[in-house]
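Shared between the two complexes below is subunit A, which pairs with subunit B and subunit C, respectively.
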Partner chain A sequence: MTYRVRSRAWDILITIIAFNLAGFILLAFRSSPIDDQALYIAVFTSAVYAISYIIVISFFKQCDEYIMLLIFALSSIGFIMLYRLDAQTAIRQVQWFVLGISVFFTMMILSRYMRGLDRYFHIYAVASVVLLLLPMIIGTIRGGAKNWIEVGGYTVQPSEFVKLLFILATASILKEKRSMKELLPLMVFAAICMVILILENDLGAMAIYFAVFVIMLYVATSNIIYVLGSLILAGAVGYVAYLALGHVRIRVEAWLNPWADATGRGYQIVQSLIAIGSGGWLGSGLGLGQPYIIPAAKTDFIFAAIAEEFGILIAVAIIAMYFILIYRGMKIALSSNDPFNALIAIGAAAMLGFQTFVIIGGVIKLIPLTGVTLPFVSYGGSSMVASFMLVGVIQSTVIQTKPSDGVYPEKITGERYSESY
Partner chain B sequence: MNRIKRNTKQVLVVFAAVFMLLMGYLLYTYFFQGNRLANSYYNKRITQKSQDVVWGDIKDRNGEMLAVSRQKDNQWVRDYPHGAVTAHVVGYVDPKLGRAGIENSQATYLLGLNNGVLEQAVQRFVFHELHGNNVILTLDYRLQKTAYDALGNRRGAVVAMDPRTGEVLAMVSKPDFDPNNLASLNDKDVLYNKALQGTYPPGSTFKVVTLASALKNIPDIDSQTFTCKGYINVGNYKLSCSGNKAHGQLNINEALEVSCNTTFASIGLQLGDKLLSQTAKEFLFNKTFAWDDMTVYASNFPKEEHITDDELAKDAIGQGKVTVTPMHMAMITSAIANDGDMMQPRLVKAVENSRGRIIRRFSPRRYAHVIDKPIADKITDMMVSVVTDGTGKSARISGVDVAGKTGTAQAGGQQEDHAWFISFAPADNPSIAVAVIVENAGTGGIQAAPIARKVMEQALRLGYK
Partner chain C sequence: MRADIYEVTALSSRYIFIILIYIILYRTIKGIKMEYALAAAGSAKPSIEPSYGILSVVECLDGVSTIWAGMEFPIKEWNTIGRSRDNYIIIDRDDVSKQHAVIYVEDKKIYIEDRHSKNGTFVNGKRVKKATRIRDGDSIAIGPVMFMVKIPAATKNREIG
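Let's look at the complex of A and B:
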C-alpha cells in the first residue's frame, strides 16, 4: 500500500514538472530565436522541485508531502505567469523561492532540537511590535501603504514576517489560559498590532491578523462570546474607519460600484473584472492574452492575469488547491496532541487561507480590495519567504509531536493514505 | 485537546464554505457577466486588437451586408453600406466617439477575441492575417428600410419584432446619422438610440397594462358598465377624455375601443395602487434590461407608497409619472401576442467564422410569463376591435385581423403630444409585433398607426407567418 501511495505522489510531482516544463517551453518559443533563458529556468525550477521533494520524503518522512506538492504547483503557475509578464521578475521570484524553501528546511532541521517554544510570549510580542513599528520610523511608502523598509538594497515588508511571531505569541498564551484576566496581555498585544497596521494603512494585513486572532481565540477557548465581541468591535471600528478615513470610503465605494469611476478609483477592479471576462473557460492561451493591461498584474492582481490566460476553470482549480492546502494544514493540527502545536498549525493555516480569501475575493469583487499577495504566486520576496515560514511551522509541529518511542502517530502512516484513496 | 479538535473542524467547515463562495462568485461573475465585461468600453484589449485584426462583417438575417471591412490604400477601413438606415442598430467604431451598437456589444466576436488557439493558429499560418468573426443579426434589412422610410423625417422610433421568438426585425431611431461620415457630425444627440434609451410617457397604450390588471383582479369587470361624462373628478383634479368628449354608457371593451380616459381612470382607482403597480412590475417596469446584445433603459412606474389617488388615475391611463421605452412597449405587445409569454428581444442570430462556418447560434429565450393565456386572448380580442371599430382604424390591413392600441401622450408644457401605436398581426396567429412612437406629432391613431400598418404589411408580404 505504501508503495502505491508513494507512486501516486510521484505521479503528481511528475505532472507538476511536466506542466512547468510545458509552460516555459511555450514561452521560449514566443520569440525567435528561441528564448533559451526560459528553458534554463524551466529545468532549474523542475530540478528544485524534484530535489526538494526527495529531501522531504527521505529526511522528513513525517511531513505531509502533499502540502509540498501543492506549493510546487502554485509556485509553478506563478513563475510561468511572471515570466510571461516580465522575465526579470520571474528570475527574482525563483531566487525568492529557493531562499524560501531553504528557510523551510532550516526550520525543519531546527525543530528537531527546539523545544519549549511556548515559553517566550514576551519576546514574540516585543519583537512583533518593534518589527511592525520599523516602517513608521524608517519606512517608505508603496502603493498607499507605509509598510516597507529598505535593507541592503532590498525592500522588505516586516508585517509579512511578523505573521509567524504573531501566531507564536498568540498560541503561547492560548495554549493553557482561558480566563479574561489571563488573556489580558494577549488582548493588549493584539490591539497594539492592529492599531499599528491601521496607522500604516495596511488594511489587508490588519484584516488577516484580526481574523487569525479571532479564529485562534475561538479554537482555544470555545468561547463564542469572544468571537461575537470581536466581530462587533470589528464592525464598529470598520464603520468608524469608513466614516472617518477617506481612503477606506474610497475603497468601499470602488467595490460597491467600480463602474461609476471606471478610469479613476474603480480602475483596478474594472480592469481585473474585464480580464476575467475576456479569457473564457479555457483562457486565451498562454502568451495570447493581454494580462499586462491589468494594473499590478505581477503582485496583487496576478489571479486576474491567470484567469485571463489560463481560463476560469484553472482559476477555480487554484482556489480549490488553496483550500486543500489549508485542509491539510488543519489536518496536521487535528493530529497533534499538544495544544500549542495544534494552535500554531491552525493559526498558520488560517493565516494562509484568509490571506488567499482576501486577495482573490478583492480581485473578483466579492469583497473590497485590499492589497495583499497571493501566497506562493504573487511576486514578492517577503511574501514568499513568510509563506514558507508558515508552512514550515505547520510541518514542524509534526516532527515535534513525534513520540519518544519513535513510532509516528497512527494518522501519518495509515489513516491518511486510506482516506486519500 | 478534544475541544480544540472539535473547534478546528468547525473552523475548517467555515473555510470550506468561504472558499466555495469564492469559486461560486467567480463562476457566477464569468457566467452571467463575462460577455458584457469582455465587450466593455473600458476593455483595452479591443482597442489594441483592432490594430492587428480585421473586423468581421455584420450581416442581416438574409446575408445583406450592414458593416464590412474593406481595403483602402493598404489599410482596412470600416464601411456601412446602408449608412443611416441601420446606423443605430449596427453602431460605429470611432477613435473620438468610441464604440456603439453591435460594433460595441459584439466587439469580442467581431475581433475574434474568443477564438480558440487552433483557429488563431490556422489564421496566422495559413491565411497570414487575423480575421474576426461575422455577426449575423436577426434584423431584416427590407423591413428596416420600410420602417425607416415610413417614419420619414419625423423624430421618434419604431421597433418590430417576431413575438414568438423575440427576434428584432427592425429598429429605427430618428433623427439619424451617417456612420460613414462621423467626422461631420454636429449634434451628438442623434447618436442616441431612442428605441432602447428613450423613455416617454406611454399615454393610452398603457391601458393594455391596466386592462390586464383589471381582467386578472376584478372578477366581474366584463359585466361592469361605466358612464363617461367626458371628465372625472379625482379629489381636486379633473381628468378628462380626449376633446372632453362624453362617451356615455360603455363596457370595458367599448372603453378600450374609444380609449376612454375616465373609464380607465376609474378602473385604476378600483384596482388601487397595490394591484396596479403589481401588474406593472409583472410587465417588468422599473427594470433595466442588460442583455449581451442590447441594454434597454428602465421604464418607470411610481413606487406604490407614493401614489395619491389623482396620480393613480393618471398612471392608469399612462400619464403622470409612468414612462416607457419603445423596446419595452414592443415587448409588452409581443407578450400579449404570444399568449402572455414575453420573449427576450434579440438582435444577434448567430456568429460565423471568417470562412462562413457558423460557430455560435443563439436560440429564443422566454424571459417572463407576464399574464395568463385567457387574459392575453381577451386583450387581443379587444385590441382587434380597436382597429376594426375604434381609434386604430388607420392600421387596418385588408384580409388580416390586426390587433392594436393607440396612444396620445401629453409631452408636457405647450408641446404637441407624442403619437404612439402598438400592434400585432395576424391577431389569431401573430408573426409580427410593432411599437411606434412619433415625437410631438399629435394623435396616435392618425400619426403613428399608418407607420405600424406599413411595417406589418411589409412583414406579411415578406413571408413572416
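Let's look at the complex of A and C:
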C-alpha cells in the first residue's frame, strides 16, 4: 500500500552534504599523497550540517528550515573555496562556523524567555557608538580601513556586531514613534554612526547601515518624505565626500574605469574581472584556476574566486540563494504580529541583503567597490558570528510570533508535513 | 594523483557541482512553493468564523487529487465532507458519496453525522450510525482518507471537553 507522502527537506540536506563531500574529496586528491585533512573536514562539516538540521527540526519546529539549509549550502561553497586557497584558513573558518551556529542556537533558546528587548534604546545606542569608536582608539589598520581591534590574539571587527545593536536601537524607537520630534534621537544616533564609519574609512559598512536605516524608516512610517529626505541628504553627503575625501574619489575612479590604472588603483577590480572572465560559464575547474592572484581572495573577493573555479552558473546560483534567504526573512517579518519583532526581522534581512549586494556588486564592477564580507562565505570570524546573529534575530521572530486564535502555531509559518510516515 | 588525471577529474566534476547546486536550488524553491500552496489550501475559506479544532489528514490513498496526507482543515460550525464540489472537504473518489458526512458544532461540542453514505463513516474504527461526539485524538475514516481530530488544549479546557 502506498501513501501519498510529502517529501521533507531531508533531500536538500543530503544534496548539500553530497556537494560538500564531492568538493573536499576532489581537493583531497589534488596533492600526491591523498590529503587526509580535507576528508576529515568534509566529514566533520557534513556532521555539523546534519546535527544542526536535526536540532532545528526537532527543537525549534517553527523556525524556518530553508534559511538554515541555504546557509549550509553557502557555507559549504565557502569552505571548499577557502580550503582550495589555504587549508589553515578553512579549518579556522569551520571553527567560526561552529561558533556561529552555537551562538545562533543560544539566541533561539534565549528568545523564548526574552521579552521587552524594545525598552533599551539608550543602551543599544551607547553600546553601538562605543563599539564603533573602539577601533579608532585601540584599533589596527587592515586593508585600508581602521576597523579592527585585537582581543587575545584574535582580531575582531566591532562594526560587524554593531549591526545587530543598530537594528535593535532603530526598531525600539520606530516601533511606536512616528513624528519628526520623536524620531530626532534616532536620527542623531544614526548620523553619529555614519560619521564614525566614514572617519574609519569603512564605506561599505556605512552604505549598508544607511540603506537598512532608510528601509526600516520607510517600513515603520510609510512616509516617503523621510525616505526622499534621507536619499537627498545621502546624495549631498556622498558628493561632498567625493570632492573632499581622497579615498572616496579613488574608489569611484577605480570603479568607473579600473583599466586606466590596472596595476595600481584598479588592480583589485581588474584582477577580479579577469578571474570571473577566465572562469566562464562552467569555471576553470576546482584547483585548476588561479584565484590566489586576486587580492583578498579569501575575504572580500571570494565571490570572484568562486566564479573563476566553479563558474558563472554556480555564482548565479549563489545570488539566487541569497535572494531566497532574504525573501524568507522578509516573509517571516510580514507574518509577525509584533511591530518590534517585525522591524528587527526586516532590518536583519535587509542588512544581509545589502551586504551581499554591496560586495557582489563591487566585485563584478556594478557599484564602487567597498570592502565588506560575503555573509557565510567569506573568511572571517566576526562576519560569520554576526551573520548568524542576524539570522538568529530573524528566526527568533518566528518563535515569538503568537498564534492567532484557534490555529496551531505551525500554521503561521506554513505547516510541517508528514514527518513520521 | 597525477596532475593530468587530476585535471580531467576536476574538469568533469564541474558538471557534478553545477548539477548538485541547482538541485539544491530547485528543491528549495519547490519546497517553498509547496509550503505556500498548502498554507493557501488550509486557509482557502476565510476564517472569520472561529475554528474549533483541526482535522488533519494522516493517511490518504492514491487516486485522490484534492487531498493529501498532512493537509489540515480548521473545524468550523458546519463542515461537509463528500465527493461533490460544494463540500468543505472534497474527496474525489467513487467510493465516497456526494455528501458523505458532516461535522458540526453544537453547544461547543463537536459531532459527526453520516449523511446516508454508501460506504459509511468510521470513528475510531466504529461505523457511525447516529450523530456521534468526537474528541481530541479521535480518528475518522472516510473512504480512502483517514483524519485525525486535533482540538487545541485552550479551547478544550474552556468549552469542549
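One rule holds for everything that comes next: the second predicted complex is superposed on the first by the 393 of 421 C-alpha atoms of A that agree within 3 Å, B and C clash if a C-alpha of one lies under 4 Å from a C-alpha of the other, contacts with A are read in each partner's own complex, and residues count from 1 in each chain.
Assume a contact is a pair of C-beta atoms (placed from the backbone, for glycine too) under 8 Å apart; a residue touches a chain by one contact, two chains touch by 3 or more.
All figures in this text were calculated on a predicted structure; none of them were measured in a lab.
Of the two partner chains placed around the shared chain by superposition, subunit C is the only one that A:328 touches, whereas subunit B remains out of contact.
In the superposed model, A:57 lies in contact with neither subunit B nor subunit C. Using the contact criterion defined above for the overlaid structures, shared-chain residue A:285 touches subunit B and also reaches subunit C.
Of the two partner chains, neither subunit B nor subunit C is touched by A:129.
Of the two partner chains, subunit B is the only one touched by A:315; subunit C is not. In the superposition on chain A, A:9 makes contact with subunit C only, not with subunit B.
Of the two partner chains placed around the shared chain by superposition, neither subunit B nor subunit C is touched by A:237. By the document's definition of touching, neither partner reaches A:39: not subunit B, not subunit C. In the three-chain superposition model, subunit A touches both subunit B and subunit C at residues 282, 285, 288, 320.
Contact residues of subunit A toward subunit C in the complex are 1-7, 9, 11-12, 15-16, 18-19, 22-23, 26, 29-30, 32, 34, 66, 69-70, 73, 77, 282-283, 285-288, 310-311, 313-314, 317, 320-321, 324, 328, 405-408, 411, 414-415, 417-418, 421.
Note for the complex: subunit B touches subunit A at residues 1, 3-9, 11-12, 15-16, 18-19, 21-23, 25-27, 29-30, 33-38, 40, 42-45, 48, 108, 113-114, 116-117, 120.
Of all the residues in subunit A, the ones that touch subunit B in their complex are 215, 218-220, 222, 262-263, 270-271, 273-274, 276-278, 280-282, 284-285, 288-290, 293, 307, 312, 315-316, 319-320, 322-323, 326-327, 330, 333-334, 337, 339, 342-343, 346, 350, 353, 357, 360-361, 364-366. For subunit C in complex with subunit A, the touching residues are 1, 6-7, 9-11, 13-18, 20-25, 27-29, 31-32, 34-36, 38-39, 42-43, 47, 50-54, 58-62, 64, 68-70, 72, 74, 150, 152, 155.
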